[in-house]
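Consider the two complexes below, in which chain A is the common component and chain B and chain C are the respective partners.
Moving on, here comes the complex of A and B:
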């Protein structure tokens, strides 16, 4: 399989969150959008407007919403506040359709890329050297392994407050310590696992 | 020059909370005393509908038990 060179991939990956920010004024993050979409669907059965809150809860929730809309620094930093004020497109609550479009685009991009490479061949497993050697060729086993892997990724994403795109692309470029640590952890673990499997098999 | 203050400010329960918490002034400066026509609470109010307690000026709904640390990067 032919891949782009590392510097070409790096440039493309760097361009994606920058363009995303320019167009949408929000950081790129797949898990954040997924969470927002699930939250919207989950709470659609119970009208959000019915929630009654104490003043303490209201202030706590307002602080969280302030960080989400304007960034962590907006809570106390007058400079950040000034920047937020100068910013005409402060992030508003996006409709579920926007999140859905994002995911449709995500899948369409992958399909388009495979189609352009004439490499469009759906499979229930991973097309790699190691995967079939470890898990065999059974479509059922492959699917279960991938679903379990996805659940683990979701779990890790929730406890670390972001995914590979949120931490690795956006957080790292914003010099957020947590994102640097998270990226080192998941890439480090990935590389170590890969080397370990290659050595063992 | 016309005032930029929201005419609903004095009756808005959320403004009361925002005004008292210094760290939340960004909402006041962004909406209540500037672009109030864009405030979701204001828009709902002028359309004659009741305004939920937890509706934010940007159209999002506050959720009970939300913590600042729970904001997701990804």
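Moving on, here comes the complex of A and C:
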């Protein structure tokens, strides 16, 4: 497979955040979009099982109390307001569909790239020579590795507040201390884990 | 409209670029992490070096148009980064790459995606019930 050279790749990787600023007026951060989308689904669909009052109950109670005190006219949009108050972790002002649109764009970019280089050979696993050599040919083991690896990515990027784009590209180039620490940590364990995997070869 | 077209446009360019750079290949990522091929490392470093003056220029000539940072060190920074790195080495994917792989027809990435969503969700639940750290998020910036 022919890939871009390092300096071409560097230009592309640097251009994307700048385009993101110009076009969208906000910093690039992909894991934050996952967080915003997931929080949106969580807060709208899933009542917390063992908190004293679920969000839906809380909204209903607030609504009832408001009607009792001020009459029906007071109910303008209490649901949106209560949800916004109850969920301070949703920091994105964007509508959730916008995040989904970005994800569609990423997929479409991958599709276009593979299609244009006539390399569109769908596979149930990953297109990789090394992966099966490290983990073997069992679909079960491969699946578990991908799910577990993905879970580490999801948990880790959320708790550290960024991923390769937000911390790695943007935060590091802005000399943000948290981004430097997170980036050194993820490249460090990436290297350590990969050397451990290579021992399995 | 500008936001919708921009979001789709930047996402598409980003996905296309990552694919052509080779970040969506498990093998390329593995070769980067074991220092067998430094191209991806150098790409990343070149991008960071280019972004330093780009950020300074942006802040100088278009102040306040984009909110940058702050991204201070907090309780979850080191732990989260460490877990993410291990997950990246195992699955070959960071959050954007899983979607690029899916677009390229590497359907194993669906499992990675499921893992990312589950891990993010679990983190949210743990935060809410036990930890209550404030990790911040790139979404608001």
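FYI, the second predicted complex is superposed on the first by the 139 of 201 C-alpha atoms of A that agree within 3 Å, B and C clash if a C-alpha of one lies under 4 Å from a C-alpha of the other, contacts with A are read in each partner's own complex, and residues count from 1 in each chain.
As a working rule, contacts are C-beta pairs under 8 Å (C-beta built on N, C-alpha and C of every residue); 3 or more make two chains touch, one makes a residue touch a chain.
Keep in mind the model is a prediction, meaning the values are calculated, not measured.
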Check the residue A:141 against both partner chains and state whether it touches chain B (first), chain C (second), both, or neither.
neither
Contact-wise, after the overlay, does A:61 reach chain B, chain C, both or neither (first, second, both, neither)?
first
Between chain B and chain C, point out the one touching more chain A residues.
C
For A:30, using the defined touch cut-off, is the partner it touches chain B, chain C, both, or neither? Pick first, second, both or neither.
both
Who does A:157 touch here: chain B (first), chain C (second), both, or neither?
both
Have a look at where A:198 lands relative to chain B and chain C in the superposition and call it first, second, both or neither.
second
Kindly classify A:171 by the partners it touches after superposition: chain B alone (first), chain C alone (second), both, or neither?
both
Overlap of the chain B and chain C footprints on chain A, residue-wise?
27, 29-32, 35, 48, 91-93, 157-158, 161-167, 170-171, 176, 178-179
Which stretch or stretches of chain B touch chain A in the complex?
14, 17-18, 21, 23-27, 29-30, 34, 40, 52-56, 58-74
Quick check on the complex: what are the chain A residues that touch chain B?
27, 29-32, 35, 43, 48-53, 55, 57-70, 74-76, 81, 84-85, 90-93, 157-158, 161-167, 170-171, 176, 178-179
How about chain A: which of its residues touch chain C in the complex?
1, 3-7, 9-21, 23-36, 38-39, 42, 48, 89, 91-94, 98-99, 101-114, 119-131, 142-143, 145-174, 176-179, 181-195, 197-198
Please give the residue numbers of chain C that touch chain A in the complex, ascending.
2-4, 6-22, 24-28, 30, 33-35, 38-40, 42-52, 54-55, 58, 65-74, 76-96, 98-109, 111-124, 127-128, 133, 135-141
